[in-house]
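After this come two complexes, each holding chain A, first together with chain B and then together with chain C.
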Partner chain A sequence: MKEKTLYVVIAGCGAVGGRIAGHLSSMGHSVVVIDRDEKAFNNLPWEYSGFKIRGDVAEIENLKMAKLKNADAFLALTDDDNTNFMVTQVAKKIYNVPMVLARVNDPSNLKLFEEAGVLVVSPVILTVQFILSFFLGEDAERKRKV
Partner chain B sequence: MKVILVGEGKLVYHLARSLLSKGYNVTIVSKNREFCEDISKTLKLTVVNGDPTKIGVLESAEPTKEDILVALTQRDQDNLMVCQLARNMFTMGRVFSLVNDPDNLEIFKKLGFVYSISTTEILASMVEQKISLEDIINLIPVEEGKISILEVDIKQGSPMIGKRLGEVGFPKGALIGSIIRQGNVLIPHGGTVLEEGDRLLIISLAEVQPEVLKFLKIEE
Partner chain C sequence: MEKSRILVVDDEKNVRTMVKKVFEGEFDVDTASNAEEALDLLKKNKYDLVFLDLDMPVVNGIELLERMKKGENPIPVIMMTTYGSVEEAVKAMKLGAKDIITKPFTQEEVTKVVEEILKEKEDEESNIQDMEKRIKEALTVGDIKRARNMVLELFRLKPSSPIPHFLYSLVNEKEGKLEEAIKHLNASLSLDPSYEPAKRKLGQIQRSSKSSNERKERNQS
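Our next item is the complex of A and B:
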């Protein structure tokens, strides 16, 4: 059974943004990626069939062009927390996008994003948790042997 | 009470200088090392060198509830982050921000930062209304710019000279609050006759402002 096609806008087409865009696009969702650096689009896999907008995401004009108001989800995946914070707020407060997620690079910013009602993913915390999982919990010993 | 200025460049320098001359304590937080060194040599103030969008750096500026913070960097996302930290982490009540891209004003206001100013927007709207700047001495936006107070001189050749206020048909939504005539302040009424050289203090709704300026023949 095919799931509903979602309209997803992604800010930042780096190693993370490019891969997510590729996956979502091959899952059949409509995707728009925005990045100010043309070269960033090299991170998209060849099968990517969505749209690309070259421009600074911090300019609302570019978010408007991406038709953010129609988006089911907005992902702020740039490597700059301040940019991610501002654009997620635009998505939430001005365009009422139902799902808004940000990559939070500096863990000390997590609280601020969460208080502002944004879903967060922290590469630092994930890395730490992954490594610690080899040392904590019931199956830690088994994991270490693999 | 102190004023914390965040950012660098001429704007920060001149604002710091002007605030110092009025007797305020000023602290500057800037990423730019060179700027920090320069300004600490020329002005008597506290300087914190570091990224102001990091809690730890901002904390070094010792913000308190009573202090005022003004975010003046070139990047709106940095200004917004500084404002958010100042309010949410340091419970500062008076947070001002420069908004570089006028399109970003909306999100600053939506997040409750009512003291956000876009100089671009102010200049753009002035140019748009083709205001000859010499005629407007002062323009103070009040309540997020919904209403403004204008100070305008009645120059030679104005069609309003010699007419009674009651008969000139001043636009609705604006009123002349007071007239300054040769250093004296008059509170006008319908029978007051305008003279050349009068300075008018006009209170006007934002949407009526272009009409008022047109009426005063300030528009070219």
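Our next item is the complex of A and C:
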């Protein structure tokens, strides 16, 4: 049986958003990426087969245009935490999107997002954890030799 | 069975790729990035369905739709629009677009639209085949009036198809109006030069008319 494909809306088409959009579309999901900067779409891989909306994600019209109400997942991946927080709240509370995830650039904002029921990913925390993994744990020594 | 053939016309590569990915395998899918490329492909190939972007630069979807509708065999067209282009979408429907799908759309949405249109086309074809059968039966039993009425109904349903002209030629032939029959066979072939029944019937009438003339000449001499 054909697996159900997801409808994913991504805010922000930077290095992260562009790559995620590319991977998800090549996995067969329906993807829409929103960014106010046309040049940001250059971050999408050549084979990207989703939609692009040029506009400010903070404007509700652009979220309507992306049919956020139909989305299975919404990813707020801009480099601005305020924007990410605001749009994730719109996605959760107005459009009832089942899965809402945000990139949280400043780790001091993590608590705020988590308390608002948003899944979070922090590039700072991930980097710290990755580097520390070379020094902590049972296989730290083996990792350092690679 | 031959695969249905789809043409996707959109200046955005990602949209062309998406629609192609959804349907390739099940259908033969060609893509065009502008109106010129599309018209070229439409001349070369026979399509069962066309996806047409409304907002293309230079020649937009409406203009291309207008040009396509001037063609002899109208193809079902699905217009792809963006949110907010209601007026243009209404214009497209007035010009005969079969359906409108608003970007961004999911694979499920686009598949559903295509399935509905192809089903409708299939039903229409089966309905025509059924009418064709009934017309031939009426002619066999000599009910010319009923056959003529059904052909006229078919003209109304499929004005651009070669079939009603062909069937009308059979009615004319039955009535002995061979010149009229030839006129309708030529009209049928002008709509579709590859339509075999009309080609065969025209050859048959021309041969029988030639041998009848030869007989007359021999009798006179």
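Keep this in mind: the second predicted complex is superposed on the first by the 144 of 146 C-alpha atoms of A that agree within 3 Å, B and C clash if a C-alpha of one lies under 4 Å from a C-alpha of the other, contacts with A are read in each partner's own complex, and residues count from 1 in each chain.
Going forward, contacts are C-beta pairs under 8 Å (C-beta built on N, C-alpha and C of every residue); 3 or more make two chains touch, one makes a residue touch a chain.
Predicted model only: the values in this text are computed from it and were never measured.
Peer 1: Evaluate whether chain B and chain C can sit on chain A together after superposition, giving fit or clash.
Peer 2: fit
Peer 1: With both structures superposed on the shared chain, find the angle between the C-alpha centres of chain B and chain C as seen from the C-alpha centre of chain A, to the nearest 10 degrees.
Peer 2: With chain A as the vertex, the angle is 100 degrees.
Peer 1: For A:D81, using the defined touch cut-off, is the partner it touches chain B, chain C, both, or neither? Pick first, second, both or neither.
Peer 2: So A:D81 only meets chain B here.
Peer 1: Which holds for A:A58: it touches chain B only (first), chain C only (second), both, or neither?
Peer 2: first
Peer 1: For A:L44, is the partner it touches chain B (first), chain C (second), both, or none of the two (neither)?
Peer 2: A:L44: touches chain C, not chain B.
Peer 1: In the overlay, answer first, second, both or neither for which of chain B and chain C A:Q129 touches.
Peer 2: A:Q129: touches no partner chain.
Peer 1: Please work out whether A:D106 is in contact with chain B alone, chain C alone, both, or neither, and reply first, second, both or neither.
Peer 2: first
Peer 1: With both complexes superposed on chain A, which partner does A:N96 reach: first (chain B), second (chain C), both or neither?
Peer 2: A:N96 contacts neither chain B nor chain C.
Peer 1: Considering the aligned complexes, could you tell me the closest Cα pair distance between chain B and chain C in angstrom?
Peer 2: Superposition on chain A places chain B and chain C at a least C-alpha distance of 16 Å.
Peer 1: Shared contact residues on chain A for chain B and chain C?
Peer 2: Chain A residues touching both partners: none found.
Peer 1: Quick check: in the complex, which residue numbers of chain C touch chain A?
Peer 2: 12, 14-15, 17-18, 21, 82-84, 102-108
Peer 1: Flag every residue of chain A that touches chain C in the complex, lowest number first.
Peer 2: Touching chain C from chain A are residues 5, 7, 25, 28, 30, 32, 44, 47-53, 64-67, 70.
Peer 1: Under the stated contact criterion, what part of chain B meets chain A in this complex?
Peer 2: The contact residues of chain B facing chain A are 53-56, 75-78, 80-81, 84-85, 88-89, 101, 103-104, 106-107, 110-111.
Peer 1: Quick check on the complex: what are the chain A residues that touch chain B?
Peer 2: Per the touch definition, chain A meets chain B at residues 58-61, 80-83, 85-87, 89-90, 93-94, 106, 108, 112, 115-116.
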